[in-house]
Amino acid sequence: MILIQIAMLLGFALILLGLYGALTNRDIIRMIVSFTIADTGVNVVLVSVGYLTGREAPILDTIPVADAAARITDPVPQALVLTAIVIGLGVTALMLAYAYRLFRARGSLDISDYTELKW
Amino acid sequence: MRELLYRLKDRYHLGTPTFQRDDLTFVTVKRDELRAILTELRDVEGFTHLTFLTAVDWIEEGLFQLTYMINNREANQSLGLRVMLTREDEPGATTGDTIHDLWPTAATYQRELNEMFGINFPGSPRVDEEFILEGWTDLPPYRRDFDTLAYSQQTYRERPGRGRSDPKAHMQETLYPDYPKPREAAHAHKEEAK
Amino acid sequence: MSSFPNFAWGQVPLALLTLFIVINYGMIMTALVRKIGARVGGRYGIPIWQNYIDLLKNIALRSKISHGVMYYLAPVFRLTGGVGLLLFVPTIYGSDWHQNFSYAGDLILALYFVFFGTLGMALGAGESGHPHSAIGVSRGLSQVTMAELPLALGVYAISLQYQTLDITQIVAAQQGSIFNWTLFTNPLATIAAMFAFVGTMMRSPFDVVIAPQEIPIGPPTEYHSSYLALMQTNRVLFPVAKTVIYMNLFFGGATNWAEFAIKVFVLYMLTAVIGVVHPRFRVEQSIRFFLKWGLPVGVLAILTV
Amino acid sequence: MVSPLLILAAGLGAAFLLGLLRQTSERAAFYVTIAALGFMGFIALSWTVGLALGDALPVMITTAGTAPPFAINLFMGGMEAALISVVTLTGLLSAFYMRKDLLRLGRRVMAVLLVLIMALSGLIMTRDLFNLFVFIELIVIASAGLILLSRDTRALGAGFKYLVVSQVISILLLVGVIFTYHANGSLNIDDIPARPMVFTGASLAIFLVLIALVLELKPFPANGWALDIYESAHPGFSAIFSAASGTAAAFAAFKLFDVAGPAWLPLATGIGIVTFVGANLLALAQSHDRRLLGYSSVGQIGLVLMVIGQADILGATLPYVAGGILISHAVAKSGLFWLSGLVKGRELSDWAALRDNPVLIVAFATFIAMLTGLPPFPAFYAKWALVHALMANGAFALTAAFLIAALIEAAVLFRWFGMAIKRESRRAVVVNLTYEAVVLLAMGTSFVLSWIWGAASGQENLITLVPLLFALLFLPLDIFPAKAKNLLAIAGLVVWFALSFHGLDPIRLVFLIIMVLGGALLLLASFHAEGRRMGFYTPAMLMFAGMALLITSETSFQFFAAWEFLTVGSYFLILRGHDSEPHALSYIVFSLGGAFALLAGFALASGGKFTFFVSELSEIAPQVAPYVFVLLAIGFLTKTAVMGLHIWLPGAHAEAETDVSPMVSGILLKAGLFGLFILLLEMGHQTLYGIDLTVVLVWLGALSAFVGAVLAAFQEDAKRLLAYSSISQMGYAVFGLALMNHLGWLLALMFAINHFVYKSMLFLAVGGVKERTHTKLMYKMGGLITLMPYTFVSVLVGIIAMSGVPPLSGFGGRWIFYNAIMSTDLRLPMILVFMSGPVGFLYLFRLIHSIFLGQPKDELRMVKEAPFWIVAPQMLFVAFLIAFAALPGMILRRVDGYIGQIFGDQPLTWSGRIVDSQFGTWNPVAIWGVIAVVFITILLLLIWMNHNAQRVKQFNIVFSAERPFKPQTTHFAWNFFAPYRKAMGFLEAPIATGFWTGVSNALHGTAEFTRKFYTGNGQTYAVQLLLFVVAVYLIVLGSMGGAS
Amino acid sequence: MKDVDDKFRKDTEKQVPLREELKPRKVTTPDGQEIDIDPLRDYFCDAKPKVHPKAYSKIVEDFYNWARSNSLWILGFGTGCGAIEMRPLMTPRFDAYRYGIQWRPTPRQANLLVISGYLSVKTLKRAIRAYEQMPSPKYVMGLGSCTINGGMYWDSYNTIKRLDDYLPVDMYVAGCMPRPEALLHGFMELKRVIREGKGEGANTYAENFDQYKVNQKAVIKDWDMPDYNW
């Protein structure tokens, strides 16, 4: 149980850390990195929610199917994590692409330089 | 007043002042100093009021004399500044210096002078508009080369039968024919004195 | 049913008779009032017939001008207003002869018909193109907005009091004793209405409309000859006709011509007396005056009735 | 039926297919995209139709062959089908719209577009929480991709901000999802149990999910990022982003709120209404068109969220209401975004370029009417149902907030429309047939939707009403010359009168005559117009349609719809005038404000019933009756321009066109009066806090009568003078009505008739003068009597009639007035009314003197009489006035009898042509006779004496022995009543104007101040978002604490 | 009497230009049309005065004349120092009202124009205007020696000497100035003249209109009005 809680706390800490980083750094690249950290934190939380102490990863190659229900952890969060990682990757890639285009367009990577749209 | 003139004399060319009354003095000033004197009198010496501005036609000397009468109300003093302008025969050819910016009311006097004497004041507001006369086409009537009697006779028909007599002598003759005539009486008096 | 229920041709001469009496009475009375004013000032004053002479002289004038149709019609409007006002109001209470055409309407007709001549006159004065005429109209209209207010309130009060708008009935209710007059039964309404009476008789202090010293004589500046004659006729007729309304509403009406003559004269003299002892109000002063004094009395009148 | 799954499959498949194509074959790729979108749309539409007609049943699609919760499942029901249709068709049209840019950027962008539409459809269908998350993320990615379509480089920044914010949202959502799963053991939405708002992990989880979905809806004030996108993105994409994405996200939120249980609904309500109010308020300060549309989108979606929050009270009507708003929003907003592509400038006033193409203006008007919820569009039905439901359940504050915000929104949009109509555009409109086709398709759709919503409303289907169709008929007919259209319009009015006058009671009949036949009469003046006069007849006939329907309406719905028709029609008419932009705006804002008061009043009265007969007003419960009375009275008094609510009138009436002024003054004002008639007829005396409301009305009427007259006296502008005079005259009418006795009503009716006649006549006359002199300032005229004699006669008759001087008909009004006040207990208000009588003289004399008398000016010496068609109706009015003055019984007698039935008394006796009351007599024929005889006699006398008068000219006046200098300095006209102003000028103090200006400035100031909140910095936006979540959470906690 | 000084010849060449506001001008109508305005033609009636015949019957005319004589309305127009002598007429001491005399502020309603003293050329123009605007029959009374022969203004460059050159005078009252008693006497005499039917100044004026205009225009160079002011 402790393990789960530690993992979860770690996950939330990462989320907060990431958000803090994303919201305090003006540099776009640093923001993106911070968001990846926060994403990771979310993933850790996801996994830790699905984790059952003493069970194994839900990989049916090593575990007989019949035992699966008793031996593996909840597979759904794991699946979710996989999807989330993929999506996170996509978003991160898109953000980087944006960062690239922004830099090309304006020569700056400071988020506070892109405030001409306002009010 | 004398003190004032002494003070002014240091800096301006003043003519000999005429002390007409205790509260009335005339002095001739130079044309190019007029403005400075007027300004100083107005702003420093308390002559805040322009009583009138008028002109005299010195036809024999070929001069127009402008008289600026200004008044110090607190000291109850009037000062007439005389300025001599060269008289030109052509109406409007004689020009004076406008002081309407010192006293706005001067504009009206200047308009009048323009109409009546033909002294122009370039720059004075509405100076070319007619003032009292309507449709006047002749010489400015206050000039001495304008003969008002001749003009009147040539313009307005007289009623025939009008004679001229000295009213006093006429009445005396009518009412008291025995009484000595005034001129004779004076003569007689002179004789007696001798 | 006919529109003229009581109409008979005989009424026409009777109405003309009323008109004749009132015009002559007005001619003499106004001259008399002027004469009295002169006597107070130590003068001999105009001859009592002066109004007739002036009228005749104006008619006899030879050259006339016209500024246009409305200018031409204005005296007609003016006099129609005066004559109509007289004819729409019963002159002598109880007399069959002098009810005129009062069956055409009631008090409201009289109150609003007062404006008929005013309006026509204002239009004619306007067409004359004279700025003083327009200024006079502007002043007159401005002043009348407030001057009429106490009257309206007073009339409202007494029509509530008598529960009728019919002048004859109002007069009938005041018969019997002098203390039946509205003057005594409803003094507030009477006072309010008298404010309006004094205010609309074109006498000092409320004569800024014609203000002889500043805008020559206001609206009629351009009028002369027979136009002026018609207006002069109205000038003697209209105040009497108007006084008749006040007399009927507040002072018991008149049952015979003598009573009529006295009451009208007294009421008319009232304005003359006030006029000779008061200097002229400016328009805004008179408006404020009516707001300050006339209006409260009127309000009290309608609240207490 | 084709499986709905194919929608997703087609989108994805086509996207993959695009990847297989060659880089260069953009054209083929575009066709593939179009085909795929078309196919998706077709499926969605076929499901919609099938489900609506009952040919198909809702299906649950399970994927991976497993039942939920072990696999993702999708659901296709009626709402889903309809919304997917919206999404896919928006996508399809936008794809067409963006054709050039899509071809420029190639197949990858098309793929992204397909993915976006697919994901939106998926978002609508999915019943799986995590799947929801996935679709949202897909939408984010695809949107961020499509933002790059824009040529505006600022869009890059906007896109990045969007991504930043989306990251935060997705973190919230994902954490919420996983904990919801943890709590429920299922990701299926349907497995989420209804959860009370208590502080447990599970409710926190559901809170996170809900708030994340709400954040997707861009709630105020955590929405700066969305606005930046709206402002900078390609309009085609903005259309999708606003219409499709908004719709899908709203539906997703709806799904979650649906299962989360009623305890969470206040959250939706609260955020929704705050968003709706806030967004519309901030939109006030916008001058950038797309950003304004963005604010409006945010506001509309907020409104939908608010409606979702009312799920418990709306019950089964929720889809109808929310759908009505949502679909109106989707169609109108995408239409407007598409339109914005046709406009080059980005300022609101640049939309004036649309005037190059009248069809586009019509489209613009349609979209704006649709957004503001005007009939016959779906949002109108939705608004009606929503307000009824809210009021029936006692949500008064919410209703008020909703209506006020809706009013602000209308103000924003109509201000914009006014600019488009009245300003000058610097650049011409873009000519692009594709764009126009797409826009027109959207416009067509809006009318189809109107029909659908009307058919489903359970009320009258407004779009099928003959008068409305007749008005709309003039849209295509606008290419014909004005004279032909005018003939048709007059014929239409007369025929409609012939069809509808049977069986009406005399009061309604009088109003119908004034409104319909009077309208036909006034339209005679329109024969004067040359050319085609585009855009005149539709609004005019819309207004007349509204009035015709108003008179014959029986239910509150018909009444209200007619009211809105006439309001909108007259707005467009007024807007046509010179310099009328600000006045038309204040007109529509006040009118809609009044209309909303009516709506609230009817809703309160009906108690939730959808079909409520106006005649039932007399039967409503006594505890709500006074409030209903107040609300309805405010609505009607706005129309009659009672003092305080009057400030729209002078400008609107004065700036309108020559033949429009009499319509809006002579006729339109009577609509308010008619409403008051109905109101007082049905409800009578009502008491609120011990005050008899009719007494309040009496005072208001008297005050309007007086102050209106005083203000009229101070005007220099002839039409303004007449406009203020209308305020005064309507004050009399309101006063008479509110006296609540027989004669008072007769008075009001007499005023209605008289005011129609002489105000129409005077407005026409002054308009005719203006046609010739090209000015409305009276002091610039003068002496026109000889040049325009007919016009002079009509003004003369008009002012004599109006001032109440015998013998013309105004006197009848005064006579009835005196008789009416004799039988009432109210006395003090009479003071004001007495005062206003003579003041009336002031302005009337000024009118005739300054224009027709006095000194004619140099440049006006040769003006001609007003055009025939403007003079002709005036002469008819003159004839009528004289006839009516002599024979008032021809109209009044029947009405008098009818009013007698209502009050059960008969104070007037009509014997022959004489009218007798309990107090006095009125014998109009005798008055005429005496006056005519005296007048003619004296006139003949004068002519006999003065026949040889010399006619002189204008400067032949005595001028203190001088001569006049110039006509300008001799004509005493300017500031004519200077002494009066000195005495009574304090009444001129613009208290009402000041108050409303203050309100408007406060709103604008708030908007201007608050919008600084959107700093433009992505990080700030993200912080605001987080703070918003925390704040909402704290409020939820607080309300929970309060509840427990 | 002093002879005319031959050295001074008055300038007879110069003409006074027409006043700006009386010059013909072009204005643009609201419709954009250009029209000509000639103020003297368009704004003033250009009819000449008519000679009005007497009433057809002598009795009527006598009656009218009696009325006219007993209703003299004086135009309140003071030209010179004589104006001050007219005021006492209204006071209790003289009380002219008793003779039917009163003052009117507008020429339209006045019959009698009292030229109360010297007339400068400028005032003459106004007097002519006022006179012409009075309805006929109308009377002119000259007060004091100034109106008779110039009086003390005998050599003034700007004052006329004989009023009857310019206006038809019905009655002169001599004196410098005449006292109010003299004025009253003058009025009485005027009334007599009117009653006798000799107060036909307006007709004289109309008959000799051209001659009067020649005289008037000879001194009033700035003639900025129509020939006859209606």
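Each chain gets a letter, A, B, C, D and E, in the order it is written, and its residues are counted from 1.
By our rule, a contact is a pair of C-beta atoms (placed from the backbone, for glycine too) under 8 Å apart; a residue touches a chain by one contact, two chains touch by 3 or more.
Because the structure is predicted, anything quoted here is derived from the model rather than measured.
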| item | value |
| --- | --- |
| Set of chains whose contacts include both chain E and chain D | C |
| Central chain of the complex, centres being mean CA coordinates | D |
| Longest centre-to-centre distance from chain D, chain (CA-based) | B |
| By number of C-beta contact pairs, the top two chains | C-D |
| Chain located farthest away, centre of chain E as origin (C-alpha) | A |
| Separation of mean Cα positions, chain C and chain A [Å, integer] | 99 |
| Centre-of-Cα separation between chain D and chain B, whole angstrom | 80 |
| Geometric centre distance via CA averages, chain D-chain A, whole Å | 50 |
| Whole-Å gap between the CA centroids of chain C and chain D | 53 |
| Residues of chain C touching at least two other chains | 63-65, 216, 221-222, 225 |
| Junction residues of chain D - those touching two or more other chains | 950-952, 954-956, 958 |
| Residue list for chain B, restricted to those that touch at least two other chains | none |
| In contact (per the touch rule at the top): chain pairs | A-D, B-E, C-D, C-E, D-E |
| Residue ranges of chain A in contact with chain D within the complex | 15, 19, 22-24, 26, 28, 31, 35, 38-39, 42, 45-46, 49-50, 76-77, 80, 83-84, 87, 90-91, 94-95, 98-99, 101-102, 105-106, 111-112, 114-119 |
| Chain D to chain E touching residues, read off their complex | 772-775, 858-863, 950-956, 958, 961-967 |
| Footprint of chain D on chain C - complex, ascending | 1-5, 7, 59, 63-70, 72-73, 75-77, 79-80, 83-84, 87-88, 101, 103-109, 112-113, 115-116, 119, 122-123, 126-131, 134-135, 137-139, 141-142, 144-146, 148-149, 152-153, 156, 159-160, 163-166, 216, 221-222, 225-227, 229-230, 282-284, 287-288, 295, 298-299, 302-303 |
| Residues of chain B that touch chain E when the two form their complex | 132-139, 141, 145-159, 162-164 |
| Touch list for chain C against partner chain E, complex | 38, 41-47, 50, 53-54, 56-57, 60-65, 212-213, 216-217, 220-225, 228 |
